[in-house]
Every structure is written in C-alpha cells, then in structure tokens.
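This is the structure I want to talk about, given as structure tokens.
Just so it is clear, A, B, C, D, E and F label the chains in written order, and each chain counts residues from 1 on its own.
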Amino acid sequence: MVFTMERRETFSSAHRLHSPAMSDEENKQIYGKCNNPNGHGHNYVWRVILKGEVDPRTGMLYDLAALKKQMAEVLDIVDHKHLDKDVEYFQTVPSTSENLVRFLYDSIKSRLGRPELLKECVLHETEKNVFTYSE
Amino acid sequence: MVFTMERRETFSSAHRLHSPAMSDEENKQIYGKCNNPNGHGHNYVWRVILKGEVDPRTGMLYDLAALKKQMAEVLDIVDHKHLDKDVEYFQTVPSTSENLVRFLYDSIKSRLGRPELLKECVLHETEKNVFTYSE
Amino acid sequence: MVFTMERRETFSSAHRLHSPAMSDEENKQIYGKCNNPNGHGHNYVWRVILKGEVDPRTGMLYDLAALKKQMAEVLDIVDHKHLDKDVEYFQTVPSTSENLVRFLYDSIKSRLGRPELLKECVLHETEKNVFTYSE
Amino acid sequence: MVFTMERRETFSSAHRLHSPAMSDEENKQIYGKCNNPNGHGHNYVWRVILKGEVDPRTGMLYDLAALKKQMAEVLDIVDHKHLDKDVEYFQTVPSTSENLVRFLYDSIKSRLGRPELLKECVLHETEKNVFTYSE
Amino acid sequence: MVFTMERRETFSSAHRLHSPAMSDEENKQIYGKCNNPNGHGHNYVWRVILKGEVDPRTGMLYDLAALKKQMAEVLDIVDHKHLDKDVEYFQTVPSTSENLVRFLYDSIKSRLGRPELLKECVLHETEKNVFTYSE
Amino acid sequence: MVFTMERRETFSSAHRLHSPAMSDEENKQIYGKCNNPNGHGHNYVWRVILKGEVDPRTGMLYDLAALKKQMAEVLDIVDHKHLDKDVEYFQTVPSTSENLVRFLYDSIKSRLGRPELLKECVLHETEKNVFTYSE
C-alpha cells in the first residue's frame, strides 16, 4: 500500500538566465530571450509530493497544516523577489527551473518533520514548461 | 512498451473529519476547521489510472465505455452524499482523503473486468490538495 | 474609460437544498439529488468584480490587500461550514447558488470601503454550473 | 445580433510597483511586497475581445490570423522584458495591472485593421487577480 | 436585481472551413490550415447563459436538470459528428465558430421552457479562441 | 538525483475509429459513437517528458528551444489534419489515443538530439481521457 499526498502553492518572481561560467555571447545563444539583461518573471506553481503510509488513528499521511506552514517559510524566500538578486543560492548557479526546483526540494526537505517522506517537487514555470526533481 | 489510460470524473460530497479513536479535543487539534461539527464539503476530482498492453486488433488498453459505467456505479455511492452518514465504509474510519482514495480504489477494482490493470487512483480534494493510492 | 478588477477565492461547504415553503415530495422532485437528507458539498469559487476609475497617483482601482481582508471576513462565515446549519441567512431561504451568490454580494458590499464600486459577484458551484448576481 | 471573438495569449515579464509621485514610505505602504526593490514577475494572460457583425461570405467577425500577428507585435514589447526598465510607457506611470491592461488595449487598437471592433482587453496577473479595460 | 446562471458542456466534432461562395484559392487564402481538404476537429466547450429573476419559493432562476436535458438534445446533433457532413445547417453556411455558436444559440432557444431568459451562448474552439453570440 | 522536464503543446485533428481487422458491426459495437462514418475530432494536448541529469554549466537538462522545434516538426504531421486520411501511420492501425500517443513518442524520439532522455509521452484526448506511452 502506497499513499502520496500533494500540496500546491504559487509564487511570483523575477529572474534572468545568465551563467557566470559562460561568455556574454554564449549566454545569449543558450538562454535566448531568457537572457534579457533587465530580466523577466513568472507565476511559478510549486507542488510538494510526500509518499508513505497512513496513520490508522488519524487517517493521515502527514499533517497538511504543518506542510502549509513549512512551505510558507520557503515561499517567503522566493515570492515577490528577484531570484538572482534576492536569493543567496542563485548567486552561484543560474536560476533555471531545474536549479530552482532542486532549491525548493532541498529547502522544504530541511523543514519537514519527517523528511524521509519527501518524494518529489514539481515546478511549473509556465503553462507549457514543467520540471521535477527527486533524489 | 507500457501504456496507461486514465479517466477523470467528479463528485460532490459533504463530510466531517472526526475519529472515534480520539477525544473531542484531539479531533479539534488534529483536524482543525475540518472538524466543524456540522461538516463541510468538496467537489472531488477522481482519476482512475489503468496500465497494461494494447490489444493490437482494437488498439485499446481497456474499453472506456465499460470503465465509465463501472466508475458510475462507484460514484452513485459517494456523489451528492454525506460520506460519514451515507457511506457504510466511513462508519469506522475517518473520511480523510487518504481513506477516501483507498475506498475508491478498492471499489473500482472490484468492478473492473480486468482488475490487474488498475495502477492507481488519484483524488483531488481541492485545487491545492491531491492524494493517490496504489497497492 | 472603464476598468474592472476581480479577485478570486475558494471555499468548501456542505449544504442541502430543502425549502420549508414546499412539501417533502415537492422538495425531492424539484431539487433531486441535491435534496439528499444528509446533504452534500462543494468547493465553491467566488469572484468579486469591482468597476470604476483608476487613481492616477497609485495606478489602482481599489486596494487589493484591503479587498483580500474584506473577502476573508466573508469567507470565515461560509468556509468549512454547513451553510444551512451554520449560517443564519440560510435558516429562512434555501441554499441554492442563486441565493448564495446574493448573500456573498451583500456581505462583501457592506464591508467594502467604497461599496459603489461593486459590480458583480460570480459563484462557481462546480466546473459546470456558474451563477452571478448584480444589482 | 451581436458576436464577440476572443484571442488569448500569455507573456512573462518582471516589474516593480513604485510610483515617482509618492515617497518611498508611501510606496512601501501602498504596494506592499509588490514594491520589493529588485522587482518580481508574472506569467500574464492577455485576452483581446472584439465585437461586431459577421461577414456572411466568410462567416467570420475578424481574421484570426491577422489578430494573432497584431497581438504578436504587442507581445514583442512586453514578453520576457522588465516592464519598468524595458518599456517606455512605464517610465512615467507605475506598472500596475490597471495601467498595463490599458497599455495593451491602446497598443492592440492602433494595430487592428478595424479598431472600432475592439471591445475590451482582459489581463490575468495571477490565477486570482484579473483586470479589464474598455473605453 | 439581476441573476445569471450558466451551464457548461463539451463536444467533439470534425469540420472543414470551406465556403461555397468563394473560389478554392480564396478559401485557402482566407481559412489557411482550417481549409485542409480532409478536415480537422476540436473539443468544443459550449456555455449557455440565462438571465432573469429568481423564484423566491425555489430559490432558482431555471431548472438546471431541465437545462441539462435540453442541452443534451442539441449535443446529440453535433457531438462526435462531422459538422459539415452530418449537420444540415452547415450545408449552406461555413462551419466557422461564429456560425456554430449562433446555431447552438438558436437550437437551445427553441428548446428552453422560457426562451426569453436566454442571454448568451459562449463557444470555446480551442484554449485560445472563444466566441459568443447574443441577440 | 533525477530531473524531469516537460513541454506541453496542443493540436486539433479529425479522426474516425475503424479497424480494418474487424467487421462493420464489430467496429460499431466496440467504438460506439467514435465509429461515426464521417468522423469527429479533438483538441489534443501532447506532453513530452524528458528525464536525466542537469548540465552544471547551463543548469539545463535539455535545450527547450530545440525541443520546441522538434515537437513542431511532429505537430506539422498531425495538426489541422484528418489522422486517418492524412497520416500514413494510421492507414494500417486504428487512430485510437493509445496508438496516437505511441506514434507521437516514436516521432519525437527520432528527432531528439539525445533520444535516451525521452521518458514518456502523455496525450489528453479530452478533459476526461488521458493516455501515456513509454518503453
């Protein structure tokens, strides 16, 4: 028997794709319009997926109210922020959705009461582009 | 080669989270506003996912018309009902989404022509909370 | 020049359609499965639409943060409640979506800083049934 | 007989709410987290609504392929841009959604083959906040 | 006091845009890929909007169960059909969404118990193109 | 560490379910209304899911601009077409969603720069029916 439980939240951030490991020319070629010097932004959708057994007494896999609070702490770091300028993590790695979903995964894992339940994080960058990360 | 096929339906039910195994105080603390004595309700989204090979003659994994009919039988039990008061299964277990998605899984499995194809059931309680169950 | 501004929120309630002005037989015939004695429930979507001019200094029609707070006060009355049992208004009128959207309209109007801006309320009962009310 | 026709597109921009007509303190108080110095961003949804009669020969209100091309010209100005830094219009007015939807309305109107058909523009800033503008 | 009530249904049809009033060359130029000789198809979304007063006894604007049945009769004409080949109306007019939404409007109006309540029909051809018709 | 990346596109096609391996009577019985002689159609949603490691220099799993271009080549084969009449593949196999999602999988795989990354294709036939294929 395997149960999963998922919570969905949204946040709105600015960012610019630009890697210090590449020349300006390379950055422009690889990231295209996402390399616009003044940046752009997204309404990201973030989904956290937990996996495990259900406590027969409460009928719950994990306390949803606790998960909401823990996700809110992570949202405070990225929501209504410029990822590259306001978030320390993106000082050294480009703020691609791949790197962002990994940052969200690590950030929620360290806050969960039972981190071993974390199965996956999903990040919708737009209606058309979706990214996931798991260990 | 692995194919899956999914059918999505919705239903509207009332329920109240309250476990007979816990005191009133504990129920209130653990379930919060979901423990409101007079109950609340949801438009649930239920997705059944089958997995298997495709019959080369028909090009189909399973007869969708049959699945619709089999899901309709299960929907009759929960749609426009009060889960705790109208559904026998929830006399003994709290009507959390974890327990509900398991009930739906067991209920559709026993009705499928080829139950071995059932891979997973998904239940959306709200736009933000999603649960799955598989064996 | 006409601007409108809309805020969308959701809430989850139980209810039962049953009019004291009609016999049990009539109630059953007119409301069908919505007359189930133990009730059922919905994830309602509530949209408030304001209409007016924009303040050239702030570039805003109305303070969205204030609207959120005012809607939250109304949501406290209906969210995770049984409309017929927990909300006084529905002691005397049946909790149809028509009556509910009117209740929401009146409730938000009396809380708005500038009630004359209120244009319309919209209520999605399910994915398929939508209701609006305006004066 | 009245027909309308609507085309929906999306774009992703960064912006910051900050009005030069107000002090820093006022900006912070009125715009809240939207005043974050480094900005934030959105996946905006933009809908253009035309209204008029249908040409009986073609059965069409307006050439959809032309509308797509005309909207694409406007999208080039705002998509993957920082509204305040990259778009001239927002040098003098704050980039609120009210001002943005008016900018989009004026921008598409001047490009339409038959501008008198333009009825309204709609702008979804997030899943929860929607704005419209018409003359 | 003005109430509206809306019901949403979907149907899946094939069609081809081709007007007998125009040459093959003109058809190709005006309709583009929609003029493909073998046709294409859509999952259409059809929304019927009624407008009027609410009966204080039932709290309803119109009987939703009756509307469902009346819409089902219209859906039988277009669902899982080729509009141009299977529907008489489109023998003489091209099956553009403008003409289709008008056909749906006329077809539901003649079936409504109180046709004077019909305010508007909405037709979503795709996620991006939406059409309405009203008298 | 496992990353996935998904791109979503839509296309609009006509088709008819009819298997040359079965009698007309059998076709009608098995495919029901999908066997309508003149066909019907859908707005299909197609999602391509890649799985792999992220290049630390670019922070990307795969070049999204390349994926868009490669998907566009496949879309050219099916969009605004009649699957059975315009696509060679469906001359010999019925155009069920199971066979269609497999065709899309094979078609995108042969175009990917790194085909070993392809994990799965998903096909939404309607809002209610979803199919996947993987090797």
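Keep in mind that, in the parts below, contacts are C-beta pairs under 8 Å (C-beta built on N, C-alpha and C of every residue); 3 or more make two chains touch, one makes a residue touch a chain.
Which protein is which chain? UniProt says A, B, C, D, E, F = 6-pyruvoyltetrahydropterin synthase.
All of these numbers come straight from a predicted model, not from anything done at the bench.
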| request: List the interface residue numbers of subunit D and of subunit E, divide the shared ones by all numbers used, and answer same when the ratio is over half, different when under half. | output: different
| said: Taking each chain's centre as the mean of its C-alpha atoms, which one ends up farthest from the centre of subunit F? | reply: C
| request: Determine, among A-D, A-B or C-E, the equivalent of interface E-F; equivalence here requires over half of the contact pairs to be the same by residue number. | output: A-D
| query | If subunit C and subunit E share one sequence, what is the angle of the rotation that overlays their CA atoms, in steps of 5 degrees? | reply | 120
| query | Using mean CA coordinates as chain centres, what's the subunit B-subunit C distance in Å? | reply | 28
| Between subunit B and subunit E, what is the separation of their C-alpha centroids in Å? | 34
| How many Å are there between the centre of subunit C and the centre of subunit F, using C-alpha atoms for each centre? | 41
| query | In subunit A, what residues contact two or more other chains? | reply | 127
| Should the pattern of chain-chain touching be classed as line, ring, star, complete or other? | other
| task | Provide the full list of chain pairs in touch. | result | A-B, A-D, A-F, B-C, B-F, C-D, C-E, D-E, E-F
| In their shared complex, at which residues does subunit B touch subunit F? | 1-9, 54, 56-61, 63-65
| message | Quick check on the complex: what are the subunit A residues that touch subunit D? | response | 10, 12-15, 33-34, 36, 38-43, 79-82, 85-86, 126-127
| query | Contact residues on subunit B for subunit A in the complex? | reply | 17, 19, 21-22, 30, 32, 93-99, 101-102, 127-135
